[in-house]
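First chain written, first letter: the chains are A, B, C, D, E and F, and each begins at residue 1.
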Amino acid sequence: MTLGDSLIVSLIGFSVVFIVLIVLSALIQFQSLVLGYVARSKFQGDRQETLTAQVPAPEEKALMTQRTDTVDTGWSAGELRLIGVDEKTAAMIMAIVSHESQIPLSELQFKMIKAID
Amino acid sequence: MSISLADIFLMIWNTSGFAVIGWQELVMIGIACILIYLAIVKQYEPLLLLPIAFGVLLANLPLANLMMGPPDDHSSAGGLLYYLYQGVKLGIYPSLIFLGIGAMTDFGPLIARPSSLFLGAAAQLGIYIAFIIAIMLGFSPPEAASIGIIGGADGPTAIFLTAKLAPELLPAIAIAAYSYMALIPMIQPPIMRFLTSKKEREIEMVQLREVTKLEKIVFPIVVTIVVCLLLPSVAPLIGMLMLGNLFRESGVVERLNNTAQNALINIVTIFLGTTVGATAVGQLFLRPETLKIIALGLIAFIFSTIGGLLLGKIMCWVTGGKVNPLIGSAGVSAVPMAARVSQIEGQKANPKNFLLMHAMGPNVAGVIGSAVAAGFLLTMFG
Amino acid sequence: MSISLADIFLMIWNTSGFAVIGWQELVMIGIACILIYLAIVKQYEPLLLLPIAFGVLLANLPLANLMMGPPDDHSSAGGLLYYLYQGVKLGIYPSLIFLGIGAMTDFGPLIARPSSLFLGAAAQLGIYIAFIIAIMLGFSPPEAASIGIIGGADGPTAIFLTAKLAPELLPAIAIAAYSYMALIPMIQPPIMRFLTSKKEREIEMVQLREVTKLEKIVFPIVVTIVVCLLLPSVAPLIGMLMLGNLFRESGVVERLNNTAQNALINIVTIFLGTTVGATAVGQLFLRPETLKIIALGLIAFIFSTIGGLLLGKIMCWVTGGKVNPLIGSAGVSAVPMAARVSQIEGQKANPKNFLLMHAMGPNVAGVIGSAVAAGFLLTMFG
Amino acid sequence: MTLGDSLIVSLIGFSVVFIVLIVLSALIQFQSLVLGYVARSKFQGDRQETLTAQVPAPEEKALMTQRTDTVDTGWSAGELRLIGVDEKTAAMIMAIVSHESQIPLSELQFKMIKAID
Amino acid sequence: MSISLADIFLMIWNTSGFAVIGWQELVMIGIACILIYLAIVKQYEPLLLLPIAFGVLLANLPLANLMMGPPDDHSSAGGLLYYLYQGVKLGIYPSLIFLGIGAMTDFGPLIARPSSLFLGAAAQLGIYIAFIIAIMLGFSPPEAASIGIIGGADGPTAIFLTAKLAPELLPAIAIAAYSYMALIPMIQPPIMRFLTSKKEREIEMVQLREVTKLEKIVFPIVVTIVVCLLLPSVAPLIGMLMLGNLFRESGVVERLNNTAQNALINIVTIFLGTTVGATAVGQLFLRPETLKIIALGLIAFIFSTIGGLLLGKIMCWVTGGKVNPLIGSAGVSAVPMAARVSQIEGQKANPKNFLLMHAMGPNVAGVIGSAVAAGFLLTMFG
Amino acid sequence: MTLGDSLIVSLIGFSVVFIVLIVLSALIQFQSLVLGYVARSKFQGDRQETLTAQVPAPEEKALMTQRTDTVDTGWSAGELRLIGVDEKTAAMIMAIVSHESQIPLSELQFKMIKAID
């Protein structure tokens, strides 16, 4: 393969990566727009409906608890609920501890994050 | 059958490794010990570097034949690592590791700011720069593609591609990829400081918007469909990555999610690491090509970092200073090491600056980016 | 080798899935999305339906070739899912899942009231009804047998039999089986109310006797010997189910018990679900036969429910009203969903009625019952 | 295959299922009869004997604890030991929670089951 | 195709195990039940003896064909256990079990007193005594070697060697090895009391010195290099044992360490135990040779115990009474049962005597010792 | 194979085991000598250095905790730190409990070991 060929392949290859990721980016934005409206009301409604239709009360409660747990543990964009401590510091500390201890964040439980300095 | 004492001693000596060990094996054992040292004491990506290093050690103990296949008539068994290596050769292990990584990854920051994907694309620049230089140095196109993918800063992707395109380069490329990933905190900061102004590094970014559970569930499905349709050869990687992520986000298969990110990925990591290391037999590894690969790998990492930073600067300029270009270098992948480097450098410039969450977007986008690059290279040269 | 820009674009286009996608693939992707919706939002047996649905998705992304075997000369590797599918094809996965189910199952209620086994036999009626109708509709005997086994309401058994007798029907049968199992709370209650009088449904049953640890330990051994001697072809299923149960009840191998019902079953479930789904390629799946199978599956479920209820009524009559016929419908298996339906319907008729423990006997008996039915069909048509 | 054949096969097949499960049922009843007498005294005696023969005191205790735990966790027929709550309700709640949370019963620990209504 | 009722009944009868069961199968089923009893009630190494016993049971249910390979044209699948057995046949499972054992083993006491290794060598005496007698009894050299290795008191090593040298003796040797390991508390004490004086048994040993973390990390690397160079054929066992130990001691790969000693070893144990048991088909097992093997196994255990004790006495004499010879018998391996026997016997003689830690050194040395012995025998007869 | 041959093979085989294990023993003693001096100072220094170079304070602490845990759980030679109870007895009890419960020692947590007699 000549240098020229390799340049062409690289140019195309780099373009392919950009094209695919730009398409993805557009789709995510579109998805967020569409889902943004429907999401909270419709989805949760649907789910609760199914539950009440199928199961008696006690289990619904167990289910809800379980689900809330799952939601709370991720440290994604808006799901962090911090009490009594600077949000950003906490996020950083948690991510670092998670990485260093090789424990996924969803399995770590932080009871208290206290500033030392 | 008559056996004399001399016969037996001779037989033992003939079957001992000391009788046939050459300088290559000794050097490789030394390299294995250095890698073990780096993995344990310096903590260079120990989860993979430790098994790889031990695999290098085992493969270079003469006559142990751990990587030897069975005889053609299958009258006796092959070596232990030969069998475990089939999962690398057939591309199974990297996909299963991606399943586990998907289950561990939160794409929330990426969904909250989809433009992160641009940075995850730009930070694959080094792949192509290294590819071009490798071609110039006389490597064949499949070899050059495998060398380039080191710049993707993503171990399973590099192993997946190399095992298909240039298996004889597998140990050098895997060791280079994981070593440089561990060295990210040393490689990236000088480049980051050189390419950005203090003012740029001081930029604080606005908090990311909330991402709903529904968006997170739909995300892996959309990515699978779109990416695998555009580039079918990447399906084993992206498909499994997104299946793992769907396990995580769906919230209804906690058992599978848990196993994918623990027992399964750990078992596969042990097998993959040890056998990838075991491909590093002296005669193949101790060639000038290996040094070239290591040098090209560093070039690839540097240019990927540069690619991400430059697009970061452009996005900073386009948005009127809303984007801190330091998050661009996180686009190389090397999750979450590169994002932490962005965080640390940002804080050095401005102690109130917290870029970690913002850098996680490009960081996970970089995983998708390098998988797409690998898919393209596989399509071209596979 | 000379490459022009046009050549490369052409190559990319040719290798993109968009170039060759047909209506069948699009429909299948739509079906996959519906199944994912049912698994996540409606929670239809998500542990298997989610991997199955994702497998359907992956298998219908054109050119990804995830299910394609290697070329005859093995010069390159086959697709990822092709290799993982071997465990289905060779009947390994369903047996290992039964090992885990055995470790999770308490046969205590069955041992306490062995007559539960009659109900577990009667509730296989639908298997044979569906088999007869399938023959009438022109299916071959092995196909009809595979369709009938949907009425066993037991996923691994259905997959085990179908993979051996009619692998081309595997996705339709697996999806039907798991979907109807999830729909048990909708399918069974009307039939239960139609076939039983309010007075019957109000019957409270006497508490089950105590079962000793020794009885529980001897049970899996006796079942293995007797059932596998009577019907050797069922040994892979019943043997593993009972081995898992022996792990559980022996109390001396807690490590194995724990792994059988966690890491091992979860890993196998991921592989089995994804690859069973991946057999659903459009051309094979989108045929009138699939609709027939889905209709026959519903018929099978209905008649199995009827079979259990009718014998329940007979047992009620024979015992002078000591047996509540509602526990008969639990004999279909679908553990523990069907037993819960019995509980709920019983409580609706009589708020002080607690049938769950009584329904668990027929429920676990149904697992043995459908395995026996599968063994018979395998002997006939295997 | 003709309709007649399929009817015959089905009849035989259904009979086979019944025969096998009836044989099983008879054997279980027979087993329970035999074991019922021997079980409690003989089996436990045997076991304890082995233990005392082999091991010193501290370990025996650990063993016993472990074994008792295993026995207690199953919700089989007669092993449910409920305190302060209706037996049947508790059983149902436990089974449902176990199913919904996908946690086998042997791994769930119920500290208290309280009626709300 | 026309089917009459008689045809079907005939077919069922012909396919039932009752039609063809012979006395051998009945005897083997009886043996399986005895082994299950020993595993559960007597707790004889239940983690392996229970799966082995169940494997014996499954393999002797006629017509189930669980161990039968596929037809030559691979037109249908082989039996479940046939596939799972490949991991034994190819020597994969024993190595993976050694990985887990390495991760569970603390070599600290051995490093603190390296002379423990002498005892671990001496306690392999029984291997060679049994080998010589087996040759005299007319066994072929590979068979005699496999029988001798029972004296190594180490299950995976015995299975590894026998699967390669004399697979037809596998079940007898595996059952003998695990049974005698469980019987260590009955076999060793009389010999210990016979060969040592009360005064010797009363000796209290000085506390072991501290072992640093660094020594523990370097240990597995040194052992791998030295032992595998001296005796390459032992690399699959010692290499994996030491890799597991490096996972444990390095402290940087806790995930892998945890999986190696839990999910992975448990899965492999289930497969290995069940399929090793399943090689015990009546015609092969119920021969006079099996009784000879069982007798020779006991002889091997006795002489290994004697070997360790005698060297213990010598070391006691050489050190002027600083070494309690009772720790010598722990050199047979059978970790940690044999070390506990040393502890108990020592305490009987002198209630203030605590030998457990001191006996752990020879105990783990015995694992290395029998692996080395196996490597030698494999080199000679493999 | 004759008896004589088998005797020779056995003699050699037994010698091989002794030779390999004696070599190992010598190497371990040599290793301990060399490492004994270097170990504590050099190794720990090295490690801490790496850490401080790479990571901010909070994570270092997490790391240290993790590492100490690992060190404490093994019952090897000198790492046992016992409070308020005879060392040897405790070691024995722990080993026995670990064996009987099939839980590796590193996973057992002993809160208190109290003598009964």
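The working rule: contacts are C-beta pairs under 8 Å (C-beta built on N, C-alpha and C of every residue); 3 or more make two chains touch, one makes a residue touch a chain.
Predicted model, so just to flag it, every value in this text is computed and none were measured.
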For this session: Count the residue numbers both chain C and chain E use at their shared interface, divide by all numbers used there, and answer same if that is over half, different if under half.
Result: different
Exercise. Which chain's centre, taken as the mean of its Cα atoms, is farthest from the centre of chain B?
Worked result: D
Exercise. How many Å are there between the centre of chain A and the centre of chain B, using C-alpha atoms for each centre?
Worked result: 23
For this session: Measure off the straight-line distance from the CA centroid of chain D to the CA centroid of chain F, and report it in whole Å.
Result: 41
Seminar exercise, completed: Whole-Å distance, C-alpha centre of chain D to that of chain E, is 33
Exercise. Multi-chain contacts in chain B: which residues touch at least two other chains?
Worked result: 8, 12, 43, 47, 230-231, 251, 254-255, 262-263, 376, 380
For this session: Would you give the residues of chain D that are in contact with at least 2 other chains, written as numbers and ranges?
Result: 1, 5, 9, 12, 16, 43, 56, 66, 96, 99, 102
Exercise. Contact residues on chain A for chain B in the complex?
Worked result: 1, 3, 5-7, 9-14, 16-29, 31-32, 35-36, 38-40, 43, 66-67, 70-71, 74-79, 88-89, 91-92, 95-96, 99, 102, 104-105
Problem set entry | chain E - residues contacting chain B, complex | 89-92, 95, 99, 164, 217, 221, 224-225, 228-233, 235-236, 239-240, 243, 246-247, 250-253, 255-256, 258-260, 262-264, 376, 379-380
Exercise. If you look only at chain E, which of its residues touch chain C in the complex?
Worked result: 8, 11-12, 15-18, 21, 29, 33, 36, 39-40, 43, 46-47, 50-51, 54, 57-58, 61-66, 76-80, 83-84, 262-263, 266-267, 269-270, 274
Seminar exercise, completed: chain C residues touching chain D in their complex are 47, 104, 106-112, 114-115, 117-118, 120-122, 124-125, 127-129, 131-132, 135-136, 140-141, 144, 207-216, 218-219, 222-223, 226-227, 230-231, 251, 254, 261, 336-337, 339-340, 343, 354, 356-357, 360, 365, 368-369, 372-373, 376-377, 380
